[in-house]
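Dumping the structure here so I can ask a few things about it.
By written order: A, B, C and D. Residues from 1 in each chain.
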Amino acid sequence: MLEIKGLKLTFQGSSGFEVIHNMNLAIEEGEIVGIVGESGSGKTTAALSVAGLLDRRKVQAEGSILLDGMELLSCSETEYQKIRGRSISMVFQEPLSSLDPLMKIGHQVEEALKLHTNLNRKQRRQAAIGALRSVELSDPELIYEKYPHELSGGMCQRVMLAAAIVTHPRLLIADEPTTALDVSVQAQILSLIRRLSQEYRMSVLFISHDLGVIRMLCDRVAVMRDGYVVEQGRTQDIFEHPAHAYTRTLVAKIQKRNDFLETDRDPVLKLEKVNAFYRNGRNRRQALYDVSFEIRRGEILGLVGESGCGKSTTAKVITGILPDYTGTVERYGVRPQMVFQDPLSSLNPSKNISWLLEEPLRIAGVSKLSRRESVRNILGRVGLSEEHLRRRPAELSGGQRQRVAIAAALIQRPALIVADEPVSALDVTIQTQILDLMLELKRELGLSYLFISHDLGVIYRICDRVMIMREGRIIEQGSVLEIYQHPKESYTKRLASLAGEIQ
Amino acid sequence: MKKGRRFAALLMLISAVLTVALSGCSGDRAGTASEDDISNTPAGLAINVGLAKDLDDSLDPHKTVSAGTKEVLFNVFEGLVKPDSDGNLIPAVAESYVISDDRLTYTFTIREGILFHNGDPVTADDVIYSIKRCAGMLEEEPEALVTAFSVITDVYAEDDRTVVISIASPDLEFLSYLTSAIIPEGYTDQATAPVGTGPFQFVSRSAQENIVLKRFDEYWGEKPEVTDVTFKIITQDTIVTSLRSGAIDLCAHLTPAQAAEVSGQFDIVKGGMNSVYGVYLNNSVEPLNNVEVRRALCHAINVEDIMALVFDGEGTPVGSSMYPAFGKYFCEELTGYYEYDPDKAMQMLADAGYPDGFDLKLTVASNYTQYVETAQVVVEQLRAVGVNAEIEMIDWGTWVSEVYANRNYEATIVDFDASTMTARALLERFTSGYAKNISYFSDEEYDASFAEAISATTDEEQIAAYKRCQEILTEQAANIYLMDMPDMVAIRSDLEGYEFYPIFVVDLSKIHVKAE
Amino acid sequence: MKRYHIYTKAGGILSAVMILLIVVAMFWTPYDATATNSAAKLSPPSLAHLLGTDNLGRDILSRVLEGAGTTLLIAVLTVAMGAVLGILIGAFTGYYGGPLDNILMRICDTITAFPSFLLALAIVSILGSGTYHVVLALGLLFIPSFARIVRGEYARAATQAYVDNAKLMGAGALRIMFVHILPNTKSVLLSAIAIGFNNAVLAEASMSYLGIGVQPPDPSLGRMLSESQTYLLSAPWYAISAGVVIILLILGFTLLGEGLAKESGQNA
Amino acid sequence: MRYFLKKIISLIITLLLVSFLAFLTFQLISGDPVTQMLGTEYTEEMAAHLRAQLGLDDPFPIRYFRWLGGFITGDFGTSYSYNVPVSSLLSDKLPVTGLLSAFSFVLLVSISIPLGIWLAAHEDSIPDKIFTALNQIAMSIPPFFLGIMMTLVFGLMLHLFVPGNYISYQENFGASLAYLLFPAIAIAIPKIAMTVKLFKSSLHAEYRRDYVRTALSRGSTRRRILYSHVLRNAIIPVVTFLALTIPEIVAGSIIIEQVFTVPGLGRLLVSSILNRDYPVVCAIVMLIAALVILMNFLADILYRIIDPRIRIDQEASK
């Protein structure tokens, strides 16, 4: 149905570097083919070239892309417009921002029909409502009239899918559609895509960096790295016995499990019956309901739950940023420090790294010389070098920025670091490096962490004990093995089953 | 999609149509304006007269204060007698008058068939009401509006066309006070819709825009050729532009510089501003209380240079508080009394104990360009003799209350006109007793000769006494008297007939189209 | 990014030239700006008088340079006063919010609602005319606009993670406000200063044009413009030179401000 | 709805503050109206009599509340210099300034929006570069200088209009508009430059947003996307900006009316201030202040209507 033969893409820019080198890929009718790779591997660029969305002035394409025998690369822009939206449709990563905020959902779903068919207004409305129903949205007539900001992330992604399939395209290109969604919602979207593919005999080109998702959905998969397709084949074969070394390292990441430390050293933090409130505009809402737990020295306690369940509020209570709570919070030793999900917003963009690292010491009144001294050895500890000192956060990679954040937290020698989704914004390989760094620091300095995440895979790999939180309550807590093998609460079961598939 | 494009196209269409239509119609509409001179209705002659400052003053003739309002109202109101361009008093509302030998009773006969603008005939009661109102002899309006009328003891009608006024003591100049307007009895809104007996009657007024008059067809005297007059209020800066564009046909009180700008397109009629323009000194303030210092300053000022720079060489120098138009009182010989001699001035200052000069604050109202430019030239001239003068600019409102009413100033530049056509109006100001003696000037001899003047029984006696007053003012160098500023009037080249009066007046009744 | 450099380069050169001319004019001008010369009244631009002479025979080039000096001085001081006080008010109201925020914002709304012209006149007439009183009058008028911009930035910054981090480090509120958050508002501030300067020069020129700003004998471009109208046809160079100098002054500094703002601003 | 109520109350408070400030200002301005009215005929008794008549001797608070009471009931008092009720003066002058401001606002909107769209559509073309340079210059031109130059070129040289010959709208509406075209342009040009600049950058920003890429993926063309998606999103910041320019335009007309001798509120305000005509000035100040506050309020509401994302009763982020 779709055949990519010897595709070569080179950017015209000053350096004129080649992005995609001799790519070959075929997708049969109704088949779901995945492309997996880290950011910068060229997977998105390849997808965009198939959809003809790459700026012809900037990118020069060679080789051929055949759709049912028709050569897409030689199509003129107007010919391509007829194909886009009718035979090829796309779905993107950020559902909310991919919809026009000022246009009703219904009109956006109808847009492809308006462009490619001559159905009248009523017929288009019926088709759109039909599409919304087929993506399992409850009462589509109501949603038709709503605006994007009135829907959740998951619902928006369903709307995107509806808009894509309304013209019954032959090929759907999905670029990381589930990355921004919660685990439970992810599963629903993936099963929806599979059903739509079968129902409309629509083949799907699925792009993702998440091996677990690829494994659940795709029939065949191609692994890409720096513009090359290093390996492709049936998903089962790739995961069971990966041929290429790079694929092996990718797959291996999932199963690795570190040793479980049973420690009973003295507590670093104790929370008793904490009810926390936060102020949103004028009204004051309760976020935590009598939360009690403790963290012992050198222990990594995981905190899992869906977004909005109170994870971040707990972090703020522990670190003292949010003073509005009842119950007791006993902290031992230096004030706990935090590491945030988005390093860019947690590091002051206008200052350079050396200033950022020295600031906590400067506030504590430490002399210039000894400040310099402790900054230098902290750098080594987190794997950064002197030449990073002069740079600003914007001039560093995601991983480096997170290392600086950890260094900034460490420099005050806290007993406990609260890490709020520290790695979820990073690529898999870099995720591993940061997690390894955190484990190293735990072993060497006896540091304890409260590790907050919605990614059960990461929790499974790094935490000793884990707490499951739902709507401000801790519904279950225990060692990781216990929770994963025989969870008590049904909610935990569902979470565990999702995580289980990855294992 | 369609709606979006239509929205933008519509917008573009509106703006295009709007701009084209407007510039189009403005093009032809205004283009012709300068040729056929605005609404020159065949029936008569309509002219636009420029005014630099709005008549923001009551239009009630007895209550108006500012000269600018009086010069316009001259066309609307007439007194029992009215001045002519030579300064004589000619009969107006009164056909004739008899003054008794002891000069204590004045008998006026009202002109036959003279009408107010509202069509009512002028009766003896109207005259009595008007005179009593000015004298403050009416119960409902007690305060005297014309100070000189305090002398009146009785006003009564002998019959329905004769009115007799008797006064307590003889006053040669009393007749000139009877130019104050005769208004209909009991008519209350003179302030906003004036009714008088003059050649033009009031039509309408719009603040900061215009005052519209039209010819009073039943006027008793010679009817003016001009049928419609619109006084347009324009800012001082845009007078020249408005003249050149044809928006106004006649404008008085132009500075010589402004007159020069429009001389090509307009006829320029020259005359005197009829005011005493000078640097008025506060004689009560150190060191101006020393007469030698004041005389030194008089020597330091070069009037010719001021006239050359600020007035394009126009204007007539004066030596004392009198201007040339008052022929019979003006002392020509006082003009050159202090010849320009900076070295002598410095010497006199040194003798007076100020070898290296002194500081002087020159407070000037900022809304008249002549004052501002003269101040800057005076400062230069004073610096040449070591006097460090510094200009302090204030707006007119502040000048009136700070300098004129409270007299807290050192030196100022202003011109004083005569509200009534009497020498008293120019000289009374410097008598010690006068409430608003701007210079704090007081000299017994001056007070004595002034008293002698106002109680004189013969003209010769009065003239001699007034001249004596002027000599004292000059000798004592009460102020640095500069000149009678030139009054330039631009008049459209196809019109003529503008006449200058010895007092602040713009008489439109004699304007007419030049005979080809 | 190159395009923005053009703004900074062009703005930089233009303002440097203007400042140079003005500084020179403080010590030396082709003629004494106030020296009248009845022989050379309203003479057109010539070698002797590059920009011609005015109705009192004064050299327009010298008067324009000195006038530009006064205008520049007033504009810079006004913007400085407006910015400093604006930042103070904006920082506190933005960071803390609450009742203080409401009261100060009400006062700012009052000042903006008030016709600037009348407020300026009031202050000038209370304290007497003069350059520094004009600065005080205009400075007061510029506080609200800066305060509002800075308040918006601080309100947004207060929610950022690096502020929570700073709190964790034990930084006091003042330190957070002026050491941590302030540098991040640089790009917004710079463009606000560029616009502020434009309005300040405009306000000074308009006030002098109406006769209530800088009073003679201090030279002022606004008043020169109002005087030049009488000689518009016979000596247009009088009006044009005063007007063009105002434009160059504004253009130079606004370009510079915008260029710098764009360069330092992350959001292009 | 609660938000509206709160907003309206805060507006009223601001207006009261303005009225107090206006009245207080006149207390402090040097030169009092009585000397102004009596001019050189000033005598002590006359002044005392007049002061009593106008009630100027009463203490400040009494006079303020008496004036405020009158103001609310629509009686703005009588003008000292024209002794006609201030309300009649205003009703005579307001339409002139209103017409001039409205005209220049219409010019502003009808020129800057299409121009902004056209420039965005022809990005980085030669005309685009020229316009950007021109824009930058146009923003730096003081309106009254522009007015003087237009008087010289269009008035005295090309005779497109007769400077100084304003025709009142009652007499001949077309001619009045034809005259007001030039002062309106003088006020509008710098504002047009600013609006075009803002609109262009807003359009560019929106073009880079994700939903444009989605629309492209549906087969829509760049041009069609402009009208159906980008234009509406990009116009939001422009609308609020335009609403906020209205008070500036009115303030701008105060000076432009001097240049073109247009007898509007501006010239009345200037002359009344110089004549210390308290009632007229306070009334005009309140009028302008009310307009400014109204416009801010309108901009706020407009902002909500266009952008459904902000719920009607939620505080809009400044």
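In this text, a residue touches a chain if its C-beta (ideal position, glycine included) is under 8 Å from a C-beta of that chain, and two chains touch if they have at least 3 such contacts.
Note that the coordinates shown come from a computational prediction; the quantities given were computed from them, not determined experimentally.
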| item | value |
| --- | --- |
| Chain ID, smallest distance between chain and overall C-alpha centroids | D |
| Mean-CA-position distance for subunit D and subunit A (Å) | 50 |
| Subunit B-subunit C separation of Cα centroids, rounded to whole Å | 42 |
| Centroid spacing, where centroids are CA-atom means, of subunit A and subunit B in whole angstrom | 87 |
| Distance between chain centroids, defined by C-alpha means - subunit A, subunit C (Å) | 49 |
| Sequence positions of subunit C contacting 2 or more other chains | 125, 229, 232-233 |
| Residues of subunit D whose C-beta touches two or more other chains | 30-31, 151, 156, 220, 228, 232, 258-259 |
| Residue list for subunit B, restricted to those that touch at least two other chains | 1, 237-238, 241, 244, 367, 394-395, 398 |
| Pairs of chains found to touch, sorted by chain label | A-C, A-D, B-C, B-D, C-D |
| Complex contact set, residues of subunit C against subunit B | 34-36, 38, 41, 55-57, 125, 128-129, 211-212, 215-217, 226-227, 229-234 |
| Subunit B residues touching subunit D - in the complex, by the definition given at the top | 1, 3-5, 7-8, 11-12, 14-15, 18-19, 22-23, 25-27, 29-31, 33-34, 38, 54, 56-58, 65-66, 143, 147, 191-192, 206-210, 232-235, 237-238, 241-242, 244-248, 367, 394-402, 404-405, 416, 419, 435-436 |
| Contacting residues of subunit A [partner subunit D, same complex] | 51, 53, 81-86, 89-90, 92, 94, 97-103, 111-112, 115-116, 147, 149, 160, 163, 281 |
| Residues of subunit A that touch subunit C when the two form their complex | 316, 319-321, 335, 337-338, 340, 342, 345-351, 359-360, 363-364, 394, 408, 412 |
| Residues on subunit C engaged by subunit A in the complex (per definition of touch) | 160-162, 164-171, 175, 180, 183-184, 186, 266 |
